[in-house]
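Shared chain: subunit A. Partners: subunit B in the first complex, subunit C in the second.
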Partner chain A sequence: MIKIEHVTKYFEDYPVLNDLSLTVPKGSIYGLMGLNGAGKTTLLRHLSGFLRQNSGSISIDGQDITDNEALKRQVLFIPDELFFFRGYSMTEMSRYYRKLYPRWNEARFEEMTRDFGLDPKANIGKFSKGMKKQAAFCLAMAAMPDYLLLDEPVDGLDPIVRHKLRRYLMDDVADREMTVLVSSHNAKEMEDICNYIGILAKGKMVFEGDLLELLPTSLEELFIEKLGGEPREQ
Partner chain B sequence: MLQLDLKSRKSIYEQVMDQLKEQIMTGQMATGEKLPSVRELSKSITVNPNTVQKAYRELERQGYVYTTSGVGTFVADRSEIHADLPALQKAQENLDDAFRQLLFLGIGYEKAKNLTMQIIERRRPDHDKN
Partner chain C sequence: MNNKNLSTNPQAAGIAGGKRGGTSIFACSLTLLLENFKLYWYIPLLSFVAYFFGGIFPIITHRENIDDYSGFLTNSFANYNVAYLPLLVFVPLIASVTVMNFYHRQDRAIALHSQPLSKSRIFNSQILSGWLMCALPLLLTALLYLCFMTECNVYTVTEYDNFYSGSPAAQSVNIYTAANIARWLGSTSAMMTFFYGLYTLAGALVGTGIMQVLLSGVFFGACPMILFIAQGYCQEFLRGYSGMSQTAENLMIGANPAVQIISNFGEMLSLKLCLIYLAAGVLALVLARLAYGKAKLEKVGDSMMFRTLEELITWLISFVGATACGMIFYYLLSETLPTLLLGVFVGLLATYFVVKIIIAKSVKVFTKRNLISLGIAALICLLFLAVTVFDLTGYHKRVPAESRITGVYAADLSPDGNNAYLGLPAALRAENQLITDPVAIEKVRKLHKLCVELSKNEMQLSALRRSGIMKPEAFPDGKIPEIYKNSTDNAGNLIADSMSYVTCRFHYQLQNGKSFKRSFTCFLTDEAAELITELQAMPVYQDTLTLGDKLKALDVLSISANVERYYIDDGTVDTEDPTVGEEYEADAPEVMYQDSDYDSFVLTNKDAEKVYGLIEAMDQDIREQNFYQNFLTYRLREDRYTLGYVDVSFTTQTSLDRESFNQNPGSWDSPMPLAASRTSVTNLPAGNHYSFGFDISKSDKHTLAYLADLGYSIGYGN
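So, the complex of A and B:
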């Protein structure tokens, strides 16, 4: 379970996260929604241990992620802006991942690489944007994380690839209760895969709840109701 | 095997509920038959297992299935299912609106009625035939 309580983070004098609380139950797929600049990416960067909050607490399975190397190995983050070592192929990246992640699954890595039709020996730097994203997924899913954090994961991916990814995600959620926290703008896509939803605005949580309890209201209606209505008092 | 339509206006949850109810009510799944486990169904139709779990719980609450802990979920006796009033009312309103739309097309009352009767006949469950 991911538990974020009253987290505030300032960039200079501006609160990008403002007294934000959120709970992601184990084995759920939690969709994080919000307009651009709402704080979604900043939140994910805190959870992966890249940023440290000014106040409040963040815990995963009851432990603080900062300086917790063992816990960091159970949490995989696929950012919107991907990082690979310069000139590395997927095979070379996989050697690095294998050392880092104790549950590395070589068979899964090979299966996914083949399934996506990626050349494991090619320089990832020469891949298209969508192929880089697929490469990042192959590496992340083969690390068999307990927690997978995804920032705008389907941006730039074609429908066939999206469908395959969905299958890999659901398999891991069903088989080993992997927990997924995913940010997106796409209400329909989120509605199809998530069971929990959180809507962020200006660093605050404006709605959090079980998606299935909203029915028959659609997520798109809720999103517009929460974010598109009258301008809020600050 | 359930078939989901990702372009449908209905949510994945509603589609899972509808299709399981259809299999149960048409007798494609027999009384006492075991449903796939949440994990199996989730994987075979690529749906969030939490959504499938919720559908099973709701089907149980409405009396379509029963769960024996540690054993699985089974199709309940259809005669035990009692329509709840709001659901019945909603279904009647939908039927009324659909027939009204048919009349709006200007095909005349008799033709609209015949078309409707054909649909009704097509939906007759196997166990009610003869």
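So, the complex of A and C:
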């Protein structure tokens, strides 16, 4: 379970997260929504162990993620800005991941690479933005994480790939009780995969709830209602 | 390092003791280390290739005549080599900037910090990778040096001494030894670690690679630069400034190993200095780790990671820029105070805003906050100018009270040859002889006060800068002193040149154990000249300058002298004169030689008494010097022409000091052999070898007479 309690984060003097709290139950898919600059990416970077809050607490399975190597082995973060070692192929990246993540599943990696139609020997630097996202997703899923943090995962992906990605996520959540925290602007996409939804505005949680309980209101309507405008991207 | 900490197995992370946040602070990831080498293999490779062609290749290709390359090898081992010195400076910079990208590139920083790697493990792995990239080429180069090792002989300093002391043929020293290779590897690794630590610290304080390069440049040159500027301002403007203290000079040179190498002229660094560099490098790495630990990673990609530091560095660079610009204006435009101040002002504005623009990555830097910060930078510059240019602290007027003085050191009061003996070991030098006589101390104080008054005169100061005609009004009582009567023109003005003024140095030993030093360059009054004359006539003062008694009091094992006389070969000297060298030819075969400019003869140890006699004759000349008269005749100049030079070598049972060995550490043409330069005391067959010399001029009548008695007349030609 991911638990965030009264977290505040300042960038210089500007509050990016403001007394934010949220809970992501184990085995669920939690969607974070909000306008640009709402604090979604910042929140995910805290959960990945990259940033440290000014106040409040962040825990995964009751443990602080900062400098916690054992916990980090169970948590995978796919950021919006992807990074691969320069000139590396997927195979080379997989060798690196294999050394870092003890539950690395080579068969799954090969299967997913094939499924996405990616050349494992090709230089990832030559891939398109969408292909790089697929590559990052293959590497992350093959590491068999308990927690998956996704920052705008479907940006730049075609509908078929989005569908495949959704399927892999759902399967892992169902089979292994993987917990997913995903940020997106895309209300429709979120509606399709998420159990829970949280809407952020100016670093504060303005809505948090079970998606089923919202019915028959659509997520898009809720988004407009809470944030007072059209979602930026659809 | 604990093996469990250097692990490819993720399960092993954080097993060792000394844990922090579940992971040891010494944790290291072999995986990251290998990835770094896989990615940046070309850095150590290119470095090694450069070391190979810069140092090893010439040795391999000249193994047959390697003695001819002894100078090259000596310089290489001291890193005083056109390839080695740049490599020492730039390879650590390239390696550090490369490995610090985990901290300067946001995508990489996010990826690495979200992977199962603690901050310690990431930092240690990256930093170790970079260090190894620098160290491995050194290790390989050292191995190659060992592989191609062959005997490479150079003449030692002892051979020169033995030559004049009449000893048998001197031994040569092989410098291509495993010990010297090990010393090179050790000293180079220490200096490399220093640079690498410094650059890494710079990298930990900034958020981009470009800023790391810039800040590294600031760190590289800041300390020597600030001391150099301060020295320049004090020398130019601060009256009474006696030069940089030894500590400050050592700091200015030693703060940067590259400056130290250049100033060593091919001599290897001492073990102590190497250890200091190594410790400083390690300390810088520890500070870098602390800075990285404290840094907020959301600032990755910003110019600076810490706001306070941004201002400090801006002020530092602005200060250097402003003061340097002030000096440039002063020397290039006009040597006036307004020009200096204008230069400082322009330099301050330019440097401050350029630095701010670089840091902010924007030209919108004219904010209220920055203007306040600029005000602080201006205050720092003003404070500096107040102390150095306007002498706010009253530095130049200060004369210690008599009650505070323990003694005075014999000062270099005039340029008239009173410090006749040159290159003496420190223990025998006049300036190190403490005079405790109260009468002498009072005279020195009185002279000091006179110098303070004389140095206040702006007209005189102006004349010092631009020698030329100096009118009587420039002197306190409105007339040219008697002492300058031989240097006036028809109108009664002093024709001032570089010989019209003297430099008086004062060095007091105070009761609190501290030293008090001042130095004044000024035109004299008759009162000052008479005071110097009185002081120099005092036996306690003369005892500091003479040498004969001091030498006799030492346990001298051998002493020899080489006497040279100068002439212009215009036919006035009969080079076939049978009296020249005849008497000593049997004692010293091959010692007589002549050319068109000078000839010489040698007094070997067998003639030790004659050497002492020569020194005593010189001592007598020193005692009979009369400053006032000398200064007058100095105007005539002809007495001051050097007619000859005596070079004395002697050996003592006990060591006088080590300093005298370091005075001639070698030169570009004939670098001091490694083994002989630092370890000469232990290499010499017996005793401690020293040498000194003195000029002989027309006024040294006793010395000339003594040499004439020996059958060696000096004074031909001009």
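We adopt the following convention: the second predicted complex is superposed on the first by the 228 of 234 C-alpha atoms of A that agree within 3 Å, B and C clash if a C-alpha of one lies under 4 Å from a C-alpha of the other, contacts with A are read in each partner's own complex, and residues count from 1 in each chain.
In the analysis below, a contact is a pair of C-beta atoms (placed from the backbone, for glycine too) under 8 Å apart; a residue touches a chain by one contact, two chains touch by 3 or more.
Only a predicted model underlies this, so the values are computations on that prediction, with no experimental measurement involved.
After superposition on subunit A, the partners subunit B and subunit C are accommodated together without colliding.
In the superposition on chain A, contact is made by A:Arg86 with subunit C only, not with subunit B.
Here the apex is the CA centre of subunit A, and the angle it makes with the centres of subunit B and subunit C after alignment on chain A is 180°, in steps of 10. Using the contact criterion defined above for the overlaid structures, shared-chain residue A:Lys72 touches subunit C, although it does not reach subunit B.
Once chain A of one complex is fitted onto chain A of the other, the partner contacts of A:Asp171 are limited to subunit B, with no touch recorded for subunit C. Once the two complexes are overlaid on the shared chain, A:Asp13 sits clear of subunit B and of subunit C alike.
Look at A:Ser28: by the touch rule set out above, it reaches subunit B but stays clear of subunit C.
The larger set of touched subunit A residues comes from C, when the choice is between subunit B and subunit C. In the superposed pair of complexes, A:Asp158 makes contact with neither subunit B nor subunit C. Shared-chain residue A:Asn195: touches subunit B; no touch with subunit C. Once both structures are overlaid on their shared chain A, subunit B and subunit C have a minimum Cα-Cα separation of 26 Å.
Looking at subunit A, you'll find no residue that touches subunit B in one structure and subunit C in the other. If you check the complex, the residues on subunit C that touch subunit A are 8-11, 13-14, 20-23, 31, 35, 39, 106-111, 113-121, 296-298, 307.
Across the complex, subunit A is touched by residues 6, 11-14, 38-39, 42-43, 46-51, 54 of subunit B. The residues of subunit A lying in touch with subunit C in their complex are 11-12, 42, 45, 48-52, 66-70, 72-73, 75-77, 79, 81-83, 85-87, 96, 99-102.
On the subunit A side of its complex with subunit B, the touching residues are 27-29, 163, 166-167, 170-171, 173-175, 191-195, 212, 215, 218.
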